[in-house]
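Same chain, two partners: subunit A is paired with subunit B first, then with subunit C.
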Partner chain A sequence: MGTLNIMVGQAQGNVPVTILRVEGDIDAATHKSLQDKAAEVVEGGATHILLDLGAVNYMGSAGFRAIHAMTNMLSDEASSELSKSPYLKLLNPTEAVARVIKTLGFDVYLDIYQDRDEAVGSF
Partner chain B sequence: METPLTSTENRIDTLKNCAFLRGLEKSVLSKLAAGAETLRVAADETVITRGETGSTMYFIVSGRARVHDGEVIWAYIEEGEVFGEMAVLDSEVRSASVTTESDSLLLSIDRAVFYAALSSDPNAFKAVLHAVLKREREIVHEIKTRSTTLLAYQKELEIGRRIQADFLPASVPVIDNWEVASWFEAAREVAGDFYDVFKLKTSPLLAIVIGDVCDKGVGAALFMTLFRSLIRASSLYGYGDSSLAKPASNEIIGSASAILLNSILTTNRYIATTHAGSSMFASVFFGLLDTQSGKLSYVNAGHEAPMIFRQNGEVDLLDITGGVVGLFPAANFTVETTRLNEGDLIFSYTDGINEAKNLDGQQFGEDRILKAAAPEENNIDIFLSIILDAVRDFRGEAEQSDDITMLALKHLSSET
Partner chain C sequence: MAKGQVFDLSVKASLENLQKIRQYIDHAGELLGVSESALGDLRLVVDEAVTNVILHGYGELEGTVELHMEGEDDAVTIRIRDRAETFNPSQVKKPQLDTALKDRPFGGMGIFLIKKMTDEAEFLPIPGGGNEIRLVKRGAILPK
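For the complex of A and B:
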């Protein structure tokens, strides 16, 4: 199984936000390392995650499944009745990834930001 | 660091307990032990690499290693066992890679040392030959077992393929003034793509559905049957509204919206809650067509935009009206409407078309579909085969990596 480089950062918005910056292609071979890292930070107490996709040139359906699994890890009773996850947001997808997000309509389910500070402040 | 193998006696003990060298005289074992070298290898280091030449065999004193080809693991080698002996005996390249599973202590013996030691005793070659043949018999047995298992799996998969074919329409309905054509080609035995065309039982509407479940293979195929069945079951008999039978077209469109929304919302909520842990989703285009007026109401849930080729040469894309189905229970979808006038053709497809890749890694793309399309063709089957030929020409020698599904309808001109 391939692995992704994932850097974990913290930022303070209205709540503490964990930033996961991913480098590499998120596909069938690598998506698990993203899911595992997310599980690790959630286990460590993270409640709000900003997923930085600025260095991801390709994301296949396995990547979208991993993102859904992350929203599941973070969800609670209040969020499960919302059409958008309040706990997971995306930052700065590359053009190629933004195109797939749009085709699949994932922008309907997740907020996407271009600016890091604005994203952190939105939580 | 002190190893347990500093003395020749200890090395002899290790070698004589190895099945491969069983039967060798102590004098031969002593020569091997004297010429052997000890080697400490950390976990996850590749000791021999498939395809390379090598003249050394290794005995595991402590630790464990896997025999593999890339990600495929063939066997594990345990303490007291040998690896790399084949290339030493026949001077061919390594037939597989061997990587340590844990920190390991190895004894390595070079070809020159091995043959020199064996030539000192005429019975030694016989003993090694015996050991090699014993191992070969074991390998033949293993291959036979695996082949039998593989055949059984293939048979199961073939049964799966036949059952899955039953989840696609055996034939498409015949409708006055309309031509309908479809194409379905799985990349593997079973597929995640699906399409459906059926007349509603309670109204004159025609349902057209095309979908693509994420992922491939058996997992996608199981969910394909679920998505397809939920959509059909939740729409076939309309949606609890007696006005469905009324022919006034505005009411049919209103009802069509209700049926579409109920069907997609039901399907989405069911899969997103019942199978939440699977994170499986599908992109779905679901349209209800009033074949009298040509009005088409639709939901496009994260699917490649179907194309309407207008008789006047214009092309309209039916962009998404919601996200993919099956992930978020509270998802919302919108119904849009358009009209298929006489001479207009709607073409829907899955990403096996637009994402077909050639050997250079380029994708076929939406633009090439538009360029290849010949909506003026009188026969809609030919329309589909022209697109398919263009995709295959573009793909060239590259393999088909995804399922291909196409569904097209044409509103015929009444004077033709």
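For the complex of A and C:
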């Protein structure tokens, strides 16, 4: 069975940013561990998360369910506009993952960066 | 090119086997000469289809999933068979891509991806019980 390694880091943009670096495949067997880790850091006070997907070789729709849940954890109730999240951003997805992000329309909701410093500075 | 090699896999219907199934697709795809981008699509659609079988077809029940993959000319055909209850994909709602994410219901993404990333996707009941999902992706095999 595949496992997911998730490392938690901190960086300072205009606000404190929590970086979740995921390693492994995000599928229906593993996506819950990402969701649980995100819930844990949000409960611990994280308000802005950069999700580093550079070491994710595969992400199916289960991964997007986790991302969807993460945006719900972080967003304020009032925001219901079709706009990009100021609280959750993605870093360095592989070409295959980026294609699925686009196919499912998640690029409308989430900024995607290739450079870590630029991503952190955008918060 | 005539019909080439065929690859079969039969596994227990368990989420723990998803990675093994993706490895089987990678292995068979490599031997069939499938392009990297098409292989990424096939890995995704098979993972989504089998996940649906496990979660929504069998649910709490135990069962097996049988996969068959073959190439003919530039096309790859994959058949996924189960013995679960009959599945009707038309009952699955499409994801609402033009809605704010907060208001977007969960679910429906797997079937959407399967239809989007294949040239043919048929969901067929097997007489006597079970389902067969037949997926075809053309232009997948690189010319030799």
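Note that in this section the second predicted complex is superposed on the first by the 114 of 123 C-alpha atoms of A that agree within 3 Å, B and C clash if a C-alpha of one lies under 4 Å from a C-alpha of the other, contacts with A are read in each partner's own complex, and residues count from 1 in each chain.
Quick note on the criterion: contacts are C-beta pairs under 8 Å (C-beta built on N, C-alpha and C of every residue); 3 or more make two chains touch, one makes a residue touch a chain.
Just so you know, these numbers come straight off a predicted model, no measurement behind them.
S.K.: Subunit B versus subunit C on the shared subunit A, clash or fit?
M.R.: They clash.
S.K.: Count the residues of subunit A touched by subunit B and by subunit C, then name the partner with the higher count.
M.R.: C
S.K.: Let me test your reading of the model: by the given contact rule, A:His68 touches which partner, first (subunit B), second (subunit C), both or neither?
M.R.: both
S.K.: Could you say whether A:Tyr58 touches subunit B, subunit C, both of them, or neither, answering first, second, both or neither?
M.R.: Once the two structures are laid over each other on A, A:Tyr58 reaches subunit C alone.
S.K.: Could you look at A:Asp25 and tell me whether it touches subunit B, subunit C, both or neither (first, second, both, neither)?
M.R.: second
S.K.: Between subunit B and subunit C, whom does A:Leu104 touch in the aligned arrangement: first, second, both, or neither?
M.R.: In the superposition, A:Leu104 contacts both subunit B and subunit C.
S.K.: Please work out whether A:Ala96 is in contact with subunit B alone, subunit C alone, both, or neither, and reply first, second, both or neither.
M.R.: second
S.K.: Quick check for you: in the superposed arrangement, does A:Gly45 touch first (subunit B), second (subunit C), both or neither?
M.R.: Neither: A:Gly45 stays clear of subunit B and subunit C.
S.K.: What part of subunit A is shared between its subunit B contacts and its subunit C contacts?
M.R.: The answer is residues 1, 28, 61-62, 64-65, 68, 71-72, 80-83, 85, 103-106, 108-109 of subunit A.
S.K.: Going by the contact rule at the top, pick out the subunit B residues touching subunit A in the complex.
M.R.: Residues 71, 214-215, 276-277, 279-281, 283, 301-302, 304, 320, 322-324, 327-332 of subunit B touch subunit A in their complex.
S.K.: Inside the complex, what are the residues of subunit C that reach subunit A?
M.R.: That would be residues 15-19, 22, 37, 40, 43-44, 47-48, 51, 54-55, 95, 97-104, 106-107, 109-110, 112-113, 116-117 of subunit C.
S.K.: So in the complex, which bits of subunit A are touching subunit C?
M.R.: Against subunit C, subunit A makes touches at 1-2, 25, 27-29, 58, 60-62, 64-65, 68, 71-72, 75, 79-83, 85, 96, 99-100, 103-106, 108-109.
S.K.: Looking at the complex, which residues from subunit A come into contact with subunit B?
M.R.: 1, 28, 61-62, 64-66, 68-69, 71-72, 80-83, 85, 102-109
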